[in-house]
Amino acid sequence: MNIYILLFQCRDQRGIVAKLADFLFKSGANIITADQYSTDPRGGYFFIRLEFIVDAASRSKSALEKGLGIIADKLGARFSLSDKHKPLRMGICVSKPGHCLAEILYLWRERELNVDIPFVISNFKGHRKFVGQYRIPFYFIPATKSNRRENALLKVVAKSTDFLVLSRYMLVLSKKFLSAYRKDIINIHHGFLPSFKGSSPYKQAFSSGVKVIGATCHFVTEKLDDGPIITQAVEHISHKDGLGDLVCKGRNLEKRALSDALRAYVDYRVIRHDNKTIVF
Amino acid sequence: MNIYILLFQCRDQRGIVAKLADFLFKSGANIITADQYSTDPRGGYFFIRLEFIVDAASRSKSALEKGLGIIADKLGARFSLSDKHKPLRMGICVSKPGHCLAEILYLWRERELNVDIPFVISNFKGHRKFVGQYRIPFYFIPATKSNRRENALLKVVAKSTDFLVLSRYMLVLSKKFLSAYRKDIINIHHGFLPSFKGSSPYKQAFSSGVKVIGATCHFVTEKLDDGPIITQAVEHISHKDGLGDLVCKGRNLEKRALSDALRAYVDYRVIRHDNKTIVF
Amino acid sequence: MNIYILLFQCRDQRGIVAKLADFLFKSGANIITADQYSTDPRGGYFFIRLEFIVDAASRSKSALEKGLGIIADKLGARFSLSDKHKPLRMGICVSKPGHCLAEILYLWRERELNVDIPFVISNFKGHRKFVGQYRIPFYFIPATKSNRRENALLKVVAKSTDFLVLSRYMLVLSKKFLSAYRKDIINIHHGFLPSFKGSSPYKQAFSSGVKVIGATCHFVTEKLDDGPIITQAVEHISHKDGLGDLVCKGRNLEKRALSDALRAYVDYRVIRHDNKTIVF
Amino acid sequence: MNIYILLFQCRDQRGIVAKLADFLFKSGANIITADQYSTDPRGGYFFIRLEFIVDAASRSKSALEKGLGIIADKLGARFSLSDKHKPLRMGICVSKPGHCLAEILYLWRERELNVDIPFVISNFKGHRKFVGQYRIPFYFIPATKSNRRENALLKVVAKSTDFLVLSRYMLVLSKKFLSAYRKDIINIHHGFLPSFKGSSPYKQAFSSGVKVIGATCHFVTEKLDDGPIITQAVEHISHKDGLGDLVCKGRNLEKRALSDALRAYVDYRVIRHDNKTIVF
């Protein structure tokens, strides 16, 4: 028995659920989870996530894809079909702050995060030993603001990854890099977006006297710290919290927002739509 | 155009979604929201909530119910079909503490809570004037622990309500009353269940030195403060919070837990299953 | 026995606590709560809040003030001494949205908010009846964006209030008004500042795809939605929440942020310092 | 310059703050943080935490202790004086679940937790390599329910530690062990106490259908899972969360509750009083 996850989206119209459910039923599949969302019940955009079990012998993945493709064509829809238990290959880029890296690697080792990690790339040599303890290849690429070495980066990540995580990577990726890589890039921003974009968000938060701080995990787009938000984590602070406390509390928020987002992403529960996300 | 909500549940089996979706499609309906849950993907219990639009001219409610009944019979399922915009009739019972009552009536007047309120019943006369300001009938039933006057209560509520809310009603309803009323009764308990059942939960919380307090909204069953939980609201406290502060913060939690639960309930998003709830 | 609250602030220097504690001890007072904060332990600004009991017969308020004045002069400090149980006079200004007004009046009636409310001012006539139920004077001042009628407003509030609450008052008060009134004005903003300033913050939040929304209670300064923040309340949202849900959830956040802020303020636990607040 | 932290507690009485502040002033100290709490303003128990800077040359720690001792004797008080920057020696006991261990070691290495860690003791061999990476001694003591090997444990911990952390140590320590060790022992319980004591709290939570789960960090006393609570962390769950999700979310709560508690404890901000704690 295989478990597949179908993500399917199109303009809302009558009969989408019926067509999909009927096809799956006739393919011998049993739907075990259905999540659906429409941007506007009276004529918006329609999204569905179906998780179903099917006997491998009775229907191959490519046969399912073919059938779904026919339905999608009629409805003007896009879809993806994924094998629930086949891990995605997640590349990690990280600069000096290592708390998110440590969290991800720990979750991965404990099998709480279902991914393969082909490598960790850093412009900070100091992580080599730590990463080595997990028996994951470590590549030091001495990227800086003036020389981001994106070609070297691209060479490593292009074919070996299904998506990238910027786990506190302090360099902005260029439009050119994004176009060349073309797959999803997930960033953890150490501030409560849309407030406090750019650098030193905790300093900005501290100066502004806010009583709640946050961290934001989002897809990377060409505009800095502006892509579709996946998760946000927040915590109350008080006047007693100095800048150091904010950084310290913030690290926990970053770990939480990032691990929640990654868990949802690798379970195919995150859908990008315009500048927003649907997180089933 | 009418909007209906279908709640449908049965033992999990292949093809449920297909059968329902196909029926609705052929009835000219367009599914606008689908929420589904199975207790166990490999053979548990299956629940679905479907919200759909249908042209009143093309298919009447009773025609839809008839068709759904045939499907349900084959699958051994239970279902209910409700008119989204037809408000449920919510009876309110309240003792002296009036904060939840005030919250509910305010939400009702602001149309944030889609119900009809046929009356407020209290064993505390002092609420008469307040309730009168909302032009809602007020019945004073001087129930006490030694004489709960459940016959009088039943007489008022039996036919005029679709469900009851115990909005800080301090008397336990008897098994006999529950059997006679037979519809849902929702209670707000001023403690974080399953801790602190029974009376004076804030005193219990204060004495035990907990650092988080809560309020719990649940269905009433024969066992005191033990029915299926719908919502819980929680808040951090510190050693500085005296018993009075706990009561005060707790009132806010009660209002929050209760109003969230009621909003979900009247939107048919709450399903009871054994000793738990599914809240879509 | 009287209970007084002393707020005392100056440049940090050795011996402040000793001088104050010694004076109070010699005055026959017993300190029952002490809260202290320094912006920087090695030479910043020092704040203390002391709550103490003193036998009315032994020492009058003016005698205490005189003694404290001598200490303050030596230390270059500012201070205020307040009678804990003497309620402040809180003026309320409100436009059409009435949920915060309802919350405040309810808390006031239940004695959860220790204030006198000399009046409610509104540019929306519709609140007259509701306010009347609480036997509080209601003044309709038909202020609009083009004619804010601040002279009329000032006439009412100048002498009869100790501070003002803008409980969803949709007009900006001018610099001139602020200079003339000179006392604290507390505003509830229906957004998570510093994001989403100005009007329609929920619409802004909805469009931006944030996963957490908030409300902010702050002091009014000349810059719109930019004064020192007292409290912020936040709540997680999902893609399922439409604009209407945000408004609805937001109302609860506003009520929470505002009532927490007012409770702290009238208990003299809020101190303004530059563009921030200390909330003991 | 040295920074000291004074914890001082006694029956409430007039002049305590004055006596302490006066003594410190005359000793050349500058109070940088004062936190005070009384269980009852009219005659309860009084607690104060004072953080102060003093020139090492002018006054030694023992001289300060001597002076404070005289004051304490007069007031019938207990006190402790600690060097803020001298790390406490924290022993760690851990069974198989390693997430809290990993969190603590990471915080320690990042200097977010100011302690010395003389060793990690475990009845699970598998942690040896992980602990070794941090260059911390690892002792395998094969304790089981039937043979807790408390003598071996005591031998290791008695002299080399200032306090113990049970970082998911699955054995109950005996009364005899507690009496022999005599110092503080901090436990992380993977449930929201006082609900769900004992083993398998997540299973208990799952079966009971709660909508919020929690983790509790508390001092160990003779009664199982019943000592004074230091911190509690909570998170909302839904019907979608299976037992596995609860365990996974719970691990994050445990890490949060434990690290918050330890940070407060080693900063001398936690005071035990009867069955409760004061956490400044």
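Labels A, B, C and D are assigned to the chains in the order they are written; within every chain, residues are numbered from 1.
The rule is short, and it goes like this: contacts are C-beta pairs under 8 Å (C-beta built on N, C-alpha and C of every residue); 3 or more make two chains touch, one makes a residue touch a chain.
What you see is a predicted model; the values in this text were computed from it and never measured.
Chains that touch both subunit A and subunit D are the following: B, C.
Distance from subunit D peaks, on a Cα-centroid basis, for B.
Computed from the mean C-alpha positions, the centre of subunit C lies at a distance of 36 Å from the centre of subunit D. One finds 42 Å separating the Cα centroids of subunit A and subunit C.
Multi-chain contact residues of subunit A, defined as those touching 2 or more other chains: 37. Per the touch definition, subunit A reaches subunit B in the complex via residues 12-18, 20-22, 24-25, 28-38, 41-42, 48, 51, 53.
Those residues of subunit C that touch subunit A in the shared complex are 37, 192-196, 208-212, 214, 228-232, 234, 236, 238-240, 275-279. Taken together, the subunit B residues at the contact with subunit C in this complex read 98-99, 102, 106, 110, 112, 133, 248, 251-252, 256, 259.
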